[in-house]
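Below, each structure is written out as structure tokens.
First chain A sits with chain B, and in the next complex the same chain sits with chain C.
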Partner chain A sequence: MSTEKLLEVFIGPQHPTSGHMRFIAELDGDIIVDFIPDMGWVHRTIEKIAETKTYIQIIPLIERQAILDSANYNLGYILALEKLLDIEAPPRAQYLRTLICEINRIASHLYGIGIHGIMLGSSTAFMWAFGDREPFIDLMQMISGARLTYSYMIPGGIRRDIPHDFQDKAKKAIKFMRKKIKDYFDLFNYNPVTLNRLEGVGIIKKEDAIKLGLVGPNLRASGVYYDVRKAEPYAAYPEIDFEIAGRNEGDSLARLLIRFDEIQYSMNIIERVLDDMPSGPLLTNIYLTKLTGEKKELLKKGIVRFPTLFTALKTKEGECLARVESSRGEAIYHLISNGLLKPYRCRLITSSFRNVIAFKHALIGHKLADIPAVYGSLDYFPPEADR
Partner chain B sequence: MVNGERITELIGKVKDLCRNVALVDDNRLLLEVDTEKIIDLSHKLKDLEFDHVKGVTGVDYPNESIIEVIYYIGSYSRTDYANLIVELKITLPRENPKTPSLIKIWQSCEYPERETFEMFGVMFQGHPKLKLLLLPDEFKGKYPLRKEFKIPEEGIEI
Partner chain C sequence: MMAEDLVIQLINELLVPLFRFLLQPYIFVPLIYPGLLVVIVVIIFILWLERKIAGKVQLRYGPLYVSKRFGGIIQLIADLLRYLFAEVLVPKGADRFIFIFGPVLLFTSALLPLSTIPVGPNYAAITSELSLLISLSLLTIPPMFVLAMSWASNNKFSFIGGLREGYLMMAYEISLFLSILPMVILFKSLSFIEIIEGQTALWGIVLNPLAAIAFFITMLYATSKYPYEIAEADTEVVCGPYTEYSGILYGLSMGYAYIKTYALSLIFALIFLGGWNPILWPASLPPIWFGYSIPSDILLPGLMVFIKALIVMAFSVFLRTVYPRYRIDQAIKIGWHNLFTLSIVSVIISVLIVMLKSVI
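What follows is the complex of A and B.
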């Protein structure tokens, strides 16, 4: 085959789906022979900006790498920072962190499913997923006051307790979603059109998934049951009995279905967290004693105002690595501190950045028309990869 | 689960090739290595079923005139290494930093190495496509994550 026969097609970067991203596809007829993801269109130098901000100012900054999944990314940073500060959040705060992370995981997966739906031409799946995401976003708003960027976790604890009617609302949302998932299976997942487009398309075999170093649902759909929540439990995960989703097919359908599995398992976790939630303080004792006057009064209402020392928070000299399982997979934080007000280096390794290599692999040999099916199934989120 | 024995056994197998070995946290093994030995050490780690690179990081130290490059390596194949991250650290001179690329050993370091190249100017010898990744093609100036690089300001802050 001579290269003259090949046709180069540029896809994007004008928002092909879930963000600005460009692909360069080399086609022989309509068969893809080479597929190059070209990223960086929404690169914001978050790591560089983090070097100019204090530790508390970094919290809202770091969430911006993936606002869909801000709770998980927030938590990873806080875990690294807490290790540097030698503090630990009290049990109730740990449970609430787990709670908000799992609600966020559901919302994030529904977003991914909706985008995947519209890429396949199913506007119903798109409308449903985005509509059904609302109850969970409302739950987050009840806790944190924000729909997407919560800045909920702070060093040593969390910002706010859950309101008294939260349990009922959460259980109502879960009941609704459990009922609704059946509809997705009837109308979208097992729809012959969906099956034809996804089944056996974009297969990533187990050994390839390992070799490429994929993460998250994309890895677990290929038969590698690796989840940081189990491998190295954090927050309240060590105390909760939960399952992780896993499938073996490794095709686009498995990657779609595993997100539904994860939604169901996350709902189980939320129920367990709500049932077992211990009572107690929301902030570690070292900081609680610093709260006086009005701040102390607000604490009784479950509102944590920052202790004054947060404006000049200093850590010990040293470095620390922390990781969490975000909605799209493992996220790693490496903080290096020289004992000053700002971190010396704040390294973020996000899950989409690690998954981008899958594009090069999964689409070779498929048709041009299969690109949306595979792209959607990988749940790739450009701002998260570009940072 | 990684217990003390596993780590001791692992350290015993790799320490000859390293300049320094340290257990920095419960599940973080730091291996400092010279650039000449990094290929041998990587092969050894690969044989021990450390099958993927989680990321590559550069850290710039202008005062000491060095750049550190850290590879985070993990294992999906061995469940007893699931919670372990091996940090492979090499120290390079700030002027003309170069090191062999590990892409032939771990395919997963393709994008991370490329990012470290564009952000720190570390030349990974043998990398097939050492081009700008996140930065725009028309980007001017050198190596954004080095300390002397200042983010251009537009002067709109008051």
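What follows is the complex of A and C.
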């Protein structure tokens, strides 16, 4: 009887909003009775491929699980690898890592905000957010030469120093973004229609957020002020004074606004990093001494060429765990090495993978039209979850 | 000599009857202005304008590739051609007859209200006492074909989209009729021409701004413009009732919304923006052909109304850049609560104005 009343709607994978995944929604009229996020459509076996590559070859592979957020995912792997190798990057490299991670966080959040905008029907928010990503992507291009996949961090350091005119460009971009954020609030965030669509929709209470194991901005929007950058500081975060964003409402609006908060805090971090940047080597001393000839000359220009030793990088036997706060939340890397050229196992737990459960919790009892509103607010990125 | 005679004979025997035929109001109005010919030009222009305005707000160019020198204005002709030559796919489970004829009937029925719209004070196809009522009644026909199309598509998203269209229709239809009632009460007529004659001194929008606002919002509902672009919400129901459509059939159903916008904008211009008022030209300017003064009977009043309607249309498409879309239940609630109340209040205001007039 009851099953006949329900309408089963398959949303995706060929649906304007679904992204690389499928949702199965059971509707009673317009109300969602059951909601199943069916993931795995873009599974690329990154973990398995990693077992067939050397430690250096894994760097460009591993950041492709979330190309919007490649710096953070790059860093997580490098931190795990450095633990295995028993090395640590010099202070300047640590600061530059923090810098690039925060720039990447801004670009990634703007992407999420833009997608949220178009999901609600605001094409202006979408276009603005994607346009405003450009200054930050340009900054990344200035540092690393790539727009999205930087492969910037290497074991023991980084690949390149910042150019001399970088500071001015970065400060200009930050100034521009601070001015522009006001426009977003006027046109999109506090638009009466947006407020109607998002306020009180998809509420995840504090206890539920903890129970579901959510991470990142979605967790912090529910009132749990947990951030790996504070809980287990890495790179230059222990030396920098910064705030983490938090809100208590736990609804879609809070999750949208928290991304704007994080953009502002990230800009503060970038400014502090640029002001306090220590001078010094870009690569740890063990590898620096191995650089000879032309590579040594290039090092003076701030270009790090890989020491020959990287082609056959071996780690000690053992396993280690590293955590980073990527822009969508905590990412965990578990590396197991048996002392050979390739890792025995490279286990990744990405933030979107942990957030996907929130769909099932947040959407039940809401309307069909709330699916894009909640989806966008969770900033869920299917390739990141599928790996 | 022979050649000149031939030309004169040709003009006399071919062009004169043709012009005489075309200039008859009941041919000219549905076929040329404000009917079919101008409709196609308007659709092409307004779609271009919509994309250009959106581009301006969103800090990008908008259409530019086709005819770069003129700002990409014929981009829509290219799009139209693409729609025309794309293959029309009919899904397996669809009701073929309704599926194919739905959009055709939709497009044609959307053109019907235009034939009731007068071009000038002395030039109209339908000079009925009830022309305003007729045009609004004709406007309520096409949504039925949308419902039929959504049902015939045999697709869940089409089905949901069609239901949404039906619910929205319920929410705005009463307010649509209620929001023209104030004007009818003020000018004591249901005829376009008499209502426009009543607006020589003060326009309807000045006399009763609430009614104008209510009508404009119902217009956004009726033509599925943001923030009420709900039936076709692409992020929710793919393309609503038109999900399964492709090629020219989709082109026709997309054109329908714009014809409706155009028709409602014309009605807005006529009953709220004074129609062809103020009349800035002498009564009968030459050339006078077949009993009609072309400039002062057709061209100038027609142009006046057309420009006003275009401004209304441009504003309604501009809202796309400002608003996201409402949820369906919110839109229905706004329709029944706020819009209905607003139109009732505007009726009361009109009644008060009329009572005040009679007292004075």
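Brief remarks follow.
The working rule: the second predicted complex is superposed on the first by the 382 of 387 C-alpha atoms of A that agree within 3 Å, B and C clash if a C-alpha of one lies under 4 Å from a C-alpha of the other, contacts with A are read in each partner's own complex, and residues count from 1 in each chain.
Definition applied: a residue touches a chain if its C-beta (ideal position, glycine included) is under 8 Å from a C-beta of that chain, and two chains touch if they have at least 3 such contacts.
Everything numeric in this text was worked out from a predicted model, so none of it was measured.
Annotation: superposed three-chain arrangement on chain A; chain B versus chain C shows no clash, the two fitting side by side.
By the touch criterion stated above, A:Lys211 is placed in contact with chain B alone, chain C being left untouched.
Legend: residue contacts after superposition of the two complexes on their common chain; A:Arg197 is shown touching chain C, with no touch to chain B.
In the superposition on chain A, A:Glu232 contacts chain B only, with no contact to chain C. In the superposed model, A:Lys48 lies in contact with chain B only, and not with chain C. Of the two partner chains, neither chain B nor chain C is touched by A:Arg305. Seen from the CA centre of chain A, chain B and chain C lie at an angle of 120° in the overlaid model, rounded to the nearest 10. Contact with neither chain B nor chain C is seen for A:Arg160 once the two complexes are overlaid on the shared chain. In the superposed model, A:Lys314 lies in contact with neither chain B nor chain C.
In the overlay built on the shared chain, the residue A:Lys171 is in contact with neither chain B nor chain C. Once both structures are overlaid on their shared chain A, chain B and chain C have a minimum Cα-Cα separation of 24 Å.
In the superposition on chain A, the residues of chain A contacted by chain B and by chain C do not overlap at all. Residue ranges on chain A touching chain C, taken from their complex, read 7, 9, 15-17, 30, 117-125, 127-128, 131, 187-188, 191, 193-194, 196-197, 367-372. Residues 24-25, 27-28, 51-55, 57, 59, 70, 72, 76-77, 82-83, 85, 87, 106-108, 110-112, 115, 132-136, 144-145, 149, 151 of chain B touch chain A in their complex. Interface of chain C with chain A (complex): residues 54, 57-60, 156-157, 160, 226-227, 229-230, 233-238, 320-330. Chain contact summary for the complex, chain A toward chain B: residues 39-40, 43, 45, 47-49, 52, 83, 210-213, 219, 224, 226, 230-232, 319-321, 323, 330, 332, 334, 336, 344-345, 347, 349, 353-354, 356-357, 386-387.
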